[in-house]
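Each in structure tokens, the structures are laid out below.
Two complexes come next, and they have one chain in common, chain A, joined by chain B in the first and chain C in the second.
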Partner chain A sequence: MKFLSNNKALVALAALYIIYVLIDILHWKQGLPMNPQNLRNILSQTSYTGIIAVGMTLVIIGGGIDLSVGSLMGLLGVLSILALNKPSGEPLQTIAAIVVAIGAGALIGFANGVIITWGKIAPFVATLAGLVGFRSLALALTDARSLTATSKEVFPGLAQGGIPIPGAFDAAGRPLLAQWPIFICIAVAAVGSWILNRSVYGRRLIAVGANETAAIYSGIRANQIRVISYTFLGLCTGIVAVLQGSRLTGADPASLGQNVELDAIAAVVIGGTSLSGGKGQVWATVVGVLILGLIGNMLTISNINNNWQGCVKGVIILLAVLIQRGQKSTS
Partner chain B sequence: MIQAIGLTKAFGNNIALNAFDITIEPGEIIGVIGENGAGKSTFMKLLSGVHQPSGGSISIQDEAQTFATPREAIAKGIAMVHQELNLIPTLSAADNIFLGREKGSLTVNRKDTNTEAAELLRLVGASFGPETLCGDLSVAQQQLVEIAKAISQKPKLIIFDEPTAVLGEQESLELFALIRGLKEQGVAVLYVSHRLPEILSLTDRLVVLRDGVKVGEYLTQGQSESSLADLMVGRPLADIFPSRSQVAPDRTPALEVKNLSSSPLVKDISLTLHQGEILGIAGLIGSGRTEFAEALVGLRTATIGHISPIKPIHTYQEAIAQGVVYISEDRKGKSLVTSMSIRDNICLVALQAIKSKQSQQATTKNWIQNLSIKVADMELPMTSLSGGNQQKCAIAKWLAVNPKILILDEPTRGVDVGAKAEIYSLIAKFAQEGMSCIVISSEMPEIIGLCHRALVFRDGRIEGELEQNELTEANIMRLAAGVEAA
Partner chain C sequence: MKSRNLLKFGLIAAAALMVFGCGSGDASSSASSTTPTTAPAAEGKKLKIGVSIPSADHGWTGGVKYWAEQEMKNHPEIEWVYQTADNPAKQNESLDAMLAQKIDGLVILAHASEPLTPKAKELHDAGVFIVNVDRGFTEPIADIFLAGDNKAFGRISAEFIAKQLNGKGNVLILEGVACNVNTDRVEGAKEIWAKNPGIKVLDSQQADWNMQKAFEKMQTMLVKHKEVNAIWAADDDMALGAEKALKEAGRDKNIFILGGAGMKDIVKRVMDGDPMFPGDVTYPPSMIAQGIKLAVETMKGKTKEELKARKPTNETVKIELIEKANAKDFYFPDSIY
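So, the complex of A and B:
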């Protein structure tokens, strides 16, 4: 029982999956909840948001928030494709794309952190400026035109390649691939989890988020701790920008990464991380991302008008917060 | 040897500490006493790097030091046990003890952390394990974690700020033994407390502060509680407190409450307040006094068995309409809107009755005169006033709705001695005019010098009632701490 009450997000995911199975047996009769390709699709679709949500979890546990990641992803995607399309030949082109996106992501995340801590601007406001500014910068750099990747081999392989799942085949009879983004998401989550639970930095991040004064009185450089969390999130955003560029073999400055910040924050909240900081778990955020992915998948195949997706997600977020509150008062 | 010379700290125009000198030798226990606002916390915060001095210097072994942050003070061997607990509820006791100085460079070495923490916790007499989350600990247990944390820094000097305020008697005795042990190891101790018996039994020397200035340094030997009290206050208590009005024996109740509870902090409170009476409510911080007052006036949900002669109160508006008002202890947070003007603040509650600018100005002027508030211009923001004058404005704001029952929560917190005396005589005057007052206070002299009668709260209940002739610090403390009379 204790395990169940401590892992409500996981219980919710399991319950949701069972509901999915039941509806399918009674109504849809398509076998999608057990279909390897459908499940693989859920995983690969959620892995992009997942990577950013891991970084967002750390930022939120440190008492901050970052609204700029969606727009930043658009900007980094554009920069990455621009770097890729310099005619330097493969694999140099792909390496340039990766280095530019991740490097610029970390740098801009760092700048966000500096503005928030030393500049003493509330995280909400500072990153709201980024939300507005980065998107515009992406549009200005490209004249609002979509970019297409010129690399047709190595670069698309980053997101589209993967490891064949034994015994699983797609509709055309080809081996089904577990794509690289799934593994990258798992790796980033493992790193995030290690940072939070095992590292010295993680202890300090929790302290800063829970009670910044107490942290400072304990000799912790609170500003530095918080800047690192924004830098890490920027780095995660860079990784996702490259992967999305690879998946779409290009970047559309207007739509790339749009609303990703909201999905990431929603996943963090559904996972039970406190928006006031100091408390949370990376794996719970990953479960939160999967819950959102599963709901999206159910809605897509259920013939419910796509426009209702947001409503359902909104209700789920409220429910998640209500359940977490119940958890708090009983313990 | 740690030395401070001419240590001065000013906050704006307010000089919190003025040209303070002290020399601290290894293995010495020095008591620091003084009233609230005397400059004790400022001194400690300068020494521990929380604040930076406006003047003067700190040196260790004749080497000048400047502590820009607590981190630097800790590095130089100055540790502090803070009064407001500074623990992270979502981390374990062990993680809190080594916070900022974790074992291991990149990864936390869990084994070392827990073993060493367990040892430290044993040393301070804690009965819980190092992996217990601090959020699950009682306030007293958290205090033990704070102390373990300070000791783990292997300091040359350790500063205790009111360490026994939240400890039980047994835990306090263990702490004293621990402090004497530190002394034998050559650690210097600064011990700040209101509890004069502790100062007398524990310290070698003591420093008395008053209004930011050092009154003097004394050997503890030969001092008594009453001599220390006189040194702290600087004048006989009679000069600060007004004479009490007589309350007739056949007095009529202004308020009778039976079985008021408000989860989780207020449990089954029954009391009677008489007309023209000043009723004190004493007790430790966290004993449910503020919560009781808030529940009584409808600011918290509560269950009330019976209330008379007024009608039951469900919302604060109903309380105000019946003349029951509450002046919060939190002046900046709950009592005043400090960014608004003095006039806006004083007229805020009575706004329905005084809408025009002229009548507001007249009302404000009237209260400024009545309460002798020192105001240059009533259109200036509240922040332009000193603490004492702000507090008078908070009182004026509520007097503007003609209350019958005035509940004052810590009415003189952060107010200088002169303003204190003025606020006391105002309260006495209100009572003389027939208003009934409840004064919630952590300052025992205030309860003793001002009130006709006092209730002592402990853990959300009334632990005892003291008539005027029974009002002594010892009696209040005994009830507040729940200790049987010796």
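So, the complex of A and C:
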């Protein structure tokens, strides 16, 4: 019981999955909740948002928020493909694409943090400026054209390659791959979780998020701590920008990363992290991302009218949050 | 403290001046008065024409922006007032600004019909000559209406699929953002599905004109539906996303996709005889250039009274089927879209 009350997001995910199984048995009769390809799709689709949501968890625990990640992802995707398409030959091109996206991501995340802490601009406002500004930069750099990756082998392999799932094959008889982004997401979550729970930095981040003044009086450099959390989120955004570029073999400055910030923040909240900071878990956020992914999958498979799907999604998100609360009060 | 605030204010003001100074400089070089000396001095005053279009938020609107800017450059004798807008409310505001700048004419591709109609009427009543491109207003306000026909888009592409499948087969559908354009295209296609009882529409999902979303929705739909013969996508961006999902799932044999709007990458593949893309449907973003040209040709050398007396005219942009044989007529390698 203690395990369950400590992992309320997991309870919500399990409840949702059971509902999925029941609907499938009673109504769709297709075995979709157990279909390896469908499950693999859910994991690979959610891994991108997952990586960003891990970074977002740290930022929110530190008492901040970042609305700019979606637009930043668009900008970093563009920069990464521009670097990739310089004719330097493989694997140099792919390395350039990775370094540029992750480096620029960390740098811009750092700048966000500096503006918020030393510039004393509320995170909501500072990153709102980023939300508008980064997208516009992406469009300006490309003249609103979508870019196509010229690397045909190495670069697409980053997100499209993976490890074969034993016993699972696709329609063409090829082994079904668990793609690299799934493992990268798990790795990033493990790192994020270690930072938060095991490192000195993590303890300080929680202290700053819970009560900044008290943290400062106890000798913690709050500004520095918070800047690092934004830098980490920028870095995560860079990773996702490269992976999306690889997955779609290119970058569309207008649509790449659109609304990712909302999904990431929703996942953090569903995972039970407090929006006012000082409390939360990285693994719970990962479960939150899976909940969102499962909802999306169920809605696409259901025959619910497209225009109503958003409504249903909203209600399920509210229910997922309520399940968490309910668990808290009964245990 | 006070002097520090003053300093801050000064810095911000200087920065703003730089940014907006550059901005207007750019605008004039790309649009309005590059050649004041060579302009024909037939009249004392230059014609001032406003161009209002949606911002480039996906491939097709990017194309509209490209063609509008190209065509404005072709007419340096006109003073252009050029605005893009994110949404209908912003477009309303930019029309207000244009009215304040006393434009003589307006070329507009409206975000949506209903919310822009009252404002367009206001401009028209104030004596502005209006050329409306693509989406019509709910009242006959435009002096020239160059209509796009999204229903025909849906009909023509669905007809092609039905013919290609010999009237029998399973189809998946990818829709764009819920709006008039999407509804018209989907409804147009529905008319054809209704006439072909052998064609079964298995599923229809919304992918917001977005390649990534189309990819993910198609991944999911493919798991659910084992037998699919063709995919109807409401535009080419989504068609490309669908193709990626088919390839990833190993389902890219004995299936084809029909998108639409004439994206050059797709047209190229139709031209090359790619079995995945046997055809495409035009919905040329260059229609905005056609509208701008019409405005210039009609307004030049005429007085306000003459223009007012002119009878409103309607034209329809022809929606055409692109196949291997005629694809080269629709392939513009230098175009943005």
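Some points to look at:
The rule we apply is simple: the second predicted complex is superposed on the first by the 311 of 331 C-alpha atoms of A that agree within 3 Å, B and C clash if a C-alpha of one lies under 4 Å from a C-alpha of the other, contacts with A are read in each partner's own complex, and residues count from 1 in each chain.
FYI, contacts are C-beta pairs under 8 Å (C-beta built on N, C-alpha and C of every residue); 3 or more make two chains touch, one makes a residue touch a chain.
Nothing here was measured: the structure is a model prediction, and the numbers come from that model.
In the model built by aligning both structures on chain A, chain B fits alongside chain C without clashing. Applying the stated contact rule after C-alpha superposition, one finds that A:41 touches chain C and leaves chain B untouched. Touch criterion met: A:171 reaches chain C, while chain B stays clear of it.
With the two structures brought together on chain A, the opening angle seen from the C-alpha centre of chain A toward chain B and chain C is 120°, to the nearest 10.
Of the two partner chains placed around the shared chain by superposition, chain C is the only one that A:143 touches, whereas chain B remains out of contact.
In the superposition on chain A, contact of A:244 is made with chain C only, not with chain B. If you count the residues of chain A touched by chain B and by chain C, you find the higher number for C.
In the superposition on chain A, A:278 contacts chain B only, with no contact to chain C. Within the superposed three-chain model, A:207 lies in touch with chain B and out of touch with chain C [touch as defined at top].
The gap separating chain B from chain C in the superposed three-chain model is 12 Å, by closest C-alpha atoms.
The contact surfaces that chain B and chain C form on chain A in the two complexes do not overlap at any residue. On chain A, the positions that touch chain C within their shared complex are 28, 30, 32, 35, 37-38, 41, 45, 139, 143-146, 148, 160, 170-174, 244, 247-249, 252, 254-256, 258, 296-297, 300-301, 303, 306-307, 309.
Interface residues of chain C, counted against chain A in their complex, comprise 56-59, 61-62, 65-66, 175, 178, 203-206, 209-212, 215-217, 219-221, 223-224, 237, 241, 244, 248-253, 265, 336. Contacts from chain A toward chain B in the complex involve residues 198-200, 202-204, 206-207, 210-211, 213-221, 278-279.
Residue ranges of chain B in contact with chain A, taken from their complex: 50, 69-71, 74-75, 80, 82, 86-91, 95, 99-102, 104-108, 149.
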